[in-house]
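Both complexes shown next keep subunit A, but they swap its partner, so subunit B is in the first and subunit C is in the second.
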Partner chain A sequence: MYDKLLEVCGFEPEEIAEEMPRIERALRIIGIDETGTEKAVAYINQYFDPELIGFRKLRAVAVRELANLVLAREENEKVVYFTPTMIGGIESFMLSGDNQGDVYCQSPDLLLWMALGGIFGPWSLIPLLEAAEENGMRAGQAHCGAFQFKIGALAKEVIPKPDLLFTMGGMTCTQAGGADTLAHELFDIPVAYVDGTDYPEGDTWPEISPRHITYAAETMRRCEDRFAEVTGVKISAEAQKEGLVGAAKTLRPLLGLTEMRRKDPVPVGFQEVVLSYYLGVLPMHPDNRKRAIEATGMMAGEVKQRVENGQGIAPKGTPRIFFSFPPLSDASLIGMVEKLGIVISGGGGMNLTAVEMKPPTIPAWEERSIEGIYRKGFWHNGISGGQAFLEQCRYLKVDGVVVANTVCCRLFNPCTPLQKELLEKELGIPVLALESDVYDTRNYSTERLRSRMEAFAEIVKETAVAKN
Partner chain B sequence: MEALAALETHLRERVNDIKERKNKGAKVVGFVPGFTPEELIYASGAIPLGLLEGGDSSAIAASSAYMTRFVDTFCRAQVGYYMSGEHPLYQLPDLVVIPSADDNFRALIDVLVQVGNIEVFRLGIPHERTDIAVDFYVEMIGLLKKKLEGLVGTPIEDNKLQEAIELYNQMRKSLNDLGQTRQSPRPVLTGKEYARINHASYVGDVKTVTEICNSLINEVKGKEGRDSKPRVLLVASTLAMNDYKVHDILEEAGASVVFEETCEGTRQCWEEVKPEGDLLSALGDKYIRRRTPPPPFFHPPEGRYEFLIEKARDYKVDGIVWYELLYRESYETELFYFSRKLEKDLGIPLVVLQSEYDLSETATFRTRIEAFVESIKGRK
Partner chain C sequence: MTSKNLSAGIDVGSTTAKATLVQGKQCIATALIPTGHDMAQAAEKVLTQALEKTTFTRKDLVYTVGTGYGRHGVSFADEAVSEIACHAKGAFASIPETRVVVDIGGQDSKLIWLSDTGSVVDFAMNDKCAAGTGRFLDLVSETLGVRLEDLGGISLKSQDPCIITSTCAIFAESEVVGLRSRGTAREDIIAGIHQSLALRITSMGSRRGFKKEIVFSGGVAKNIGMQRALEQRIGYGILLPDEPQLLGSLGAALIASDRSR
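Right, the complex of A and B next:
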């Protein structure tokens, strides 16, 4: 049943023959039936660039990692999950499969979003959302969809119960701690919390107060001890570093890709790049990591070739926009936007800003990891989030901005009206605030957003013509 | 009751009283209750002014230009009160202290810092009761102390802080004693009256409110109400000042709130500040380490469930009203597992009411509350 699906996901015939039994078992546990398979194949064929072999290979990496997650309990001694924040420390360690011993580490929230929703289509996530809604995360309450995926997948036993859950008690996001406390109450999963909070000098971003960093770092060290207690694996500084180096090998070509999107004409679609980027930052089994490095390298080479050939997804001179948070599990929206005579130049926190490139102020591993997160701007607070968008828009030299912060994120979303005002004032270009829930397609539809996007695209085009 | 009439008079005169003192040079420090150590503000010589108005749909409407709608109702309302310029209390402060307790309050601070035309002190709140969390909080209130000293132009002496701690301890004790009178089978004091004096304790003058509270205790002590009513435990994320819709409907339906647990809106008066050693540490000890119960956004919220069970039994409650403001997700998530456990352990009904301060809610609330009260009566 899954042959065609694996084929469009970039598996070679011999890989299909060899890996099918295991992947089939995982897909059956997830609940991908015949109809789901047909829809997924059609979705991939309709929305993803068929010529990028590297991206096809990356889809195969995602499907393999999905199987690794679903079968983690039977294939590993210990299973540990963490909330997707990229907060370094433990997570850096987890990123490297080589260092994990017999411990499977994953961020199911993000992997399910990317690999299940992002590749098989948004509808494949709906059963997880519905299961979460029946298990303490009711519909209509603006719960974060990422956390709902995890709770729903645990409730449906799509993913195994971990031995430990790492989460944020308060650092960057307070919804995470609540969702994972719910996981503890419902499934008796031990939870370790990295705490953090605001600081009176919280409005001086990009300068981050040292105490703001050290408090969170202290709680992170406590979590590292908990990890060692549960798994029997002590996290050394070397292992953390190796983990990050492994992830960096995947990320480097991806960062190159985001840079190549600044070229004119834009050589590659936004959906392909953003999905690759987020898949690249996830922990992986060592074999899969090797494949990911190869695939991203191949994809970067293919796109570079397009640049050299002057080949693009839109004509040279097409106006560019910044799209703050794209719906990674729904390619139809990005597809629709890129057919309106504009291209998406950046968004999703992919472009590293100058602030992020600065050396850390505190050398210890945990502190530098946390400082890196806060420097991201939108992980710091709503004000710095707007400033980070502004910096990215300036860097990308865009002609318009769509502030599409996901509505259920109380970290990114609350200041959207003020972010819109700031960007309009500072950049003098059209800015559209688009209310959407990037996790849950039941709350919006591409077609419903079409008329607003069409009108916006016209304004952007007119502004770009007037500017030039 | 005379004391309650005196309370209303004090509240009515409070704005003019503060304005007069402000004109004579006094500084006014507004704060969101819950984690703000008012003792420090009082000791600085500034006037502490709790800002916790709510229940008003126009404030929600006024917030929409600055903030998206998927934020806790109370926090949105605060933006509305500040930005509309229509609420007199919100125009008085020289500085506002807002505890950044969760993402909702961080959003409120972010908006006010950008467009509020008011100086905001962002009081970072840790989300656990460990030693490192207490140390962090103590450092934060150390920074607040410096800020206040800068505002008033004089240092906060230890003896002044000691005096303030004793005053607020007395007020907490009086409120606690008053609240406990509702353990009687036919309490004289209604839930709304108790909520009102709690709110006044944030807005009013600490000495005056304590005196009124003590007078009220004398008025109700040894007395019994006329009827034995269904007894309700109210759990609320925020019980804002003038948000008395639930109390009104419950009382009209013949029930009475005898105990309440809120994150913001009623004082945690079961523990006092121990005025010994380093006084900032003593405040940290009360506001974080011994915070009883911890809010649902503390991780893990150890002892929170046991606290509710204990109080439900002490106050012999017949039912629980879970009053949640829309998008305060910590209460919403907790509700799922608490409601199951509470109904199992106590065997009493629980009703969930969710509010966005909308006028249209009243009819739905009335229907649900009346059915809830009837079901309690049916069980008796």
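Right, the complex of A and C next:
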């Protein structure tokens, strides 16, 4: 039943024969039936670039990792999860498969979002969202879809209960800690918190107070101790470094793709780059990590070849836009936008700013990780996020910007009008604030957004023509 | 007449379908019919009606632009253009001083900001809640048993407009039923509804602000009570073109004329 699906996901025939029993078992547990498989194949064929073999191979990595997650309890001694907003020292350790011993580490929120949404389509996530709504995250209360995926998957026993769950307190996201505390209450899962604060004093980015950094870093050290207590594995600086190196090897070719997306014509679609980026930052089994590094390298090579051949996904001179946080578990909106005679050059939280690339101010590992989070701009506060977008827009030389008003994200949602004003004033190009959602596709409809996206594309094209 | 430069704009909205025929920049015929359930059929029919008012036939059309919610269903159109661009084009052609267009349609409401040269510089849309659309007025007229076209005149008699929620058409309808049961005057309820709708629409423009001249387009522009409520919220007068319902199809026809050159 899954042969065709695995084929479009880049599996070789011998890999299908060898790995099918395990993958089939995992997909059955998730509830992907024959209809779901057919829909997935149609979805992939409709919205994604079929010619990029590297991208297809990366999708195969995601399917394998999905199976690793679903079967983690029976295949590993210990299982540890962390929240996707936790981008720091513990996460980097978890990225390193070789250093985990017999501990399976994963961010199920992120993996379910990317692998289910990016391969099986947005409808494959709806049962998880609904299961979360039946288990404490009530519908209509603007809960973040990412955390609903995890709570729903735990409730439906799609993923195993972990031995430990790392989450964030007030830092970066206000919903993570609450959702993971619910996981503790519902499923008796031990939870450890990295705590911190957002920047209530307002627009100080890129200046980051050492007090904020050291406080959060100290809570991170406590979490590392907790990890050792539960798993018997000590998180060393070397292990953290190795984890980061593995992820960096996967991501480096993708950052090259970001640079190549500045070429005219644009050689690769936005969806393929963003999905690859997020699949690349997932923790992975060592074998899978090797495959991911190979896949992203292959993808970068294929795109480079297109640049050399002058091939693009749109004609030369097509106006470009920046799209801050588009839906990533639903390809239909990006698919619609890229048919309107504009291309998406950047966004999705994956472009690095000059501030992020500066050397750290405090050498200790945990402090460096925390500083890295705040430097991201949008984790510092929403206005800083707007300034980070501004920097990226200037670098990408875009003709228009869409700032996504992500309906259920309490961090990004309130700042959209301010970001729109800032970008309009500084860049003098059209900026559209668009109500959508990164995770939960029930909060918007691509068809309903068509009118405003078409109108926006018309304005961008007219402005670009006038400018040139 | 010759067939040279004959272009058509077809605006298929959720409530009505409109057609405008232009020769060069000159409007030569228009038509307006209810959309009904079949948007493609409505497009065909409204174009036929407009052509019947001239000596031309379908074969004489050089270029056709479809707009409105049913724009992608206008199978004979050469191009589909958003209603934002078409309303802006139509308003600017009718009143060159236009800097903001307020369009209240059956399914959504929009504010469109124009540059001095008539280009669209920004827009805001409410398409999520019926409380900001013409559909809200439909509901009220049904609930109160008043003809839609009479709402405006009746509301002007109000001395004490009611305060009605502006966030949800369904809750507002419940409020109207409650007010009616308490014997509140019909004109006060209708005036309150207009104020509620005006608040909803003007709040979309509160950050960017309003700038003269403001032109009111769409079928709801024929409602004098709505016009007054908007003027009260904005703080100065708004202009009404001769045929506010036809601005979208006029803009579409003018864009078609530009494209045909």
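We take it that the second predicted complex is superposed on the first by the 461 of 468 C-alpha atoms of A that agree within 3 Å, B and C clash if a C-alpha of one lies under 4 Å from a C-alpha of the other, contacts with A are read in each partner's own complex, and residues count from 1 in each chain.
Just so we're on the same page, a residue touches a chain if its C-beta (ideal position, glycine included) is under 8 Å from a C-beta of that chain, and two chains touch if they have at least 3 such contacts.
What you see is a predicted model, and the numbers here were worked out from it, not measured in a lab.
**Student:** Check subunit A with both subunit B and subunit C modelled on it and let me know: fit or clash.
**Tutor:** Fit: subunit B and subunit C sit side by side once superposed on subunit A.
**Student:** Touch test for A:R448: subunit B only (first), subunit C only (second), both, or neither?
**Tutor:** second
**Student:** Which holds for A:E458: it touches subunit B only (first), subunit C only (second), both, or neither?
**Tutor:** second
**Student:** Please work out whether A:E435 is in contact with subunit B alone, subunit C alone, both, or neither, and reply first, second, both or neither.
**Tutor:** both
**Student:** How many degrees, to the nearest 10, separate the directions from subunit A's C-alpha centre towards those of subunit B and subunit C?
**Tutor:** Computed angle, apex subunit A: 70 degrees.
**Student:** Once the shared chain is lined up, is A:I383 touching subunit B (first), subunit C (second), both, or neither of them?
**Tutor:** First partner only.
**Student:** Between subunit B and subunit C, which one contacts more residues of subunit A in the superposed model?
**Tutor:** More residues of subunit A are touched by B.
**Student:** Regarding the shared-chain residue A:P417, is it in contact with subunit B (first), subunit C (second), both, or neither?
**Tutor:** A:P417: touches subunit B and subunit C.
**Student:** Using only C-alpha atoms, work out how near subunit B sits to subunit C after the chain A superposition, in angstrom.
**Tutor:** 5
**Student:** Using the superposition on A, tell me which residues of subunit A are in contact with subunit B and, in the other complex, with subunit C.
**Tutor:** After superposing on chain A, subunit A residues 417, 435 contact both subunit B and subunit C.
**Student:** Can you check the complex and tell me which residues of subunit A touch subunit C?
**Tutor:** Touch list, subunit A to subunit C: 417, 421, 424, 430, 435, 448, 451-452, 454-455, 458-459, 462-463, 466.
**Student:** Within the complex, which stretch of subunit B touches subunit A?
**Tutor:** Counting only subunit B, the residues touching subunit A are 64-68, 70-71, 100, 102-104, 106-107, 109-111, 113-115, 121-128, 132-133, 136, 139-140, 143-144, 147, 296-297, 299-301, 326-327, 329-330, 332-337.
**Student:** Please name which positions on subunit A make contact with subunit B in the complex.
**Tutor:** Per the stated touch rule, the residues are 135-138, 141-143, 167, 169-170, 173-175, 177-179, 181-182, 184-186, 191, 193, 195, 197-200, 202-203, 211-212, 215, 218-219, 381-383, 405, 407-408, 410-411, 413-418, 435.
**Student:** Under the touch definition given earlier, write down the residues of subunit C that touch subunit A in their complex.
**Tutor:** 69, 80-85, 108, 119-123, 125, 127-128, 207
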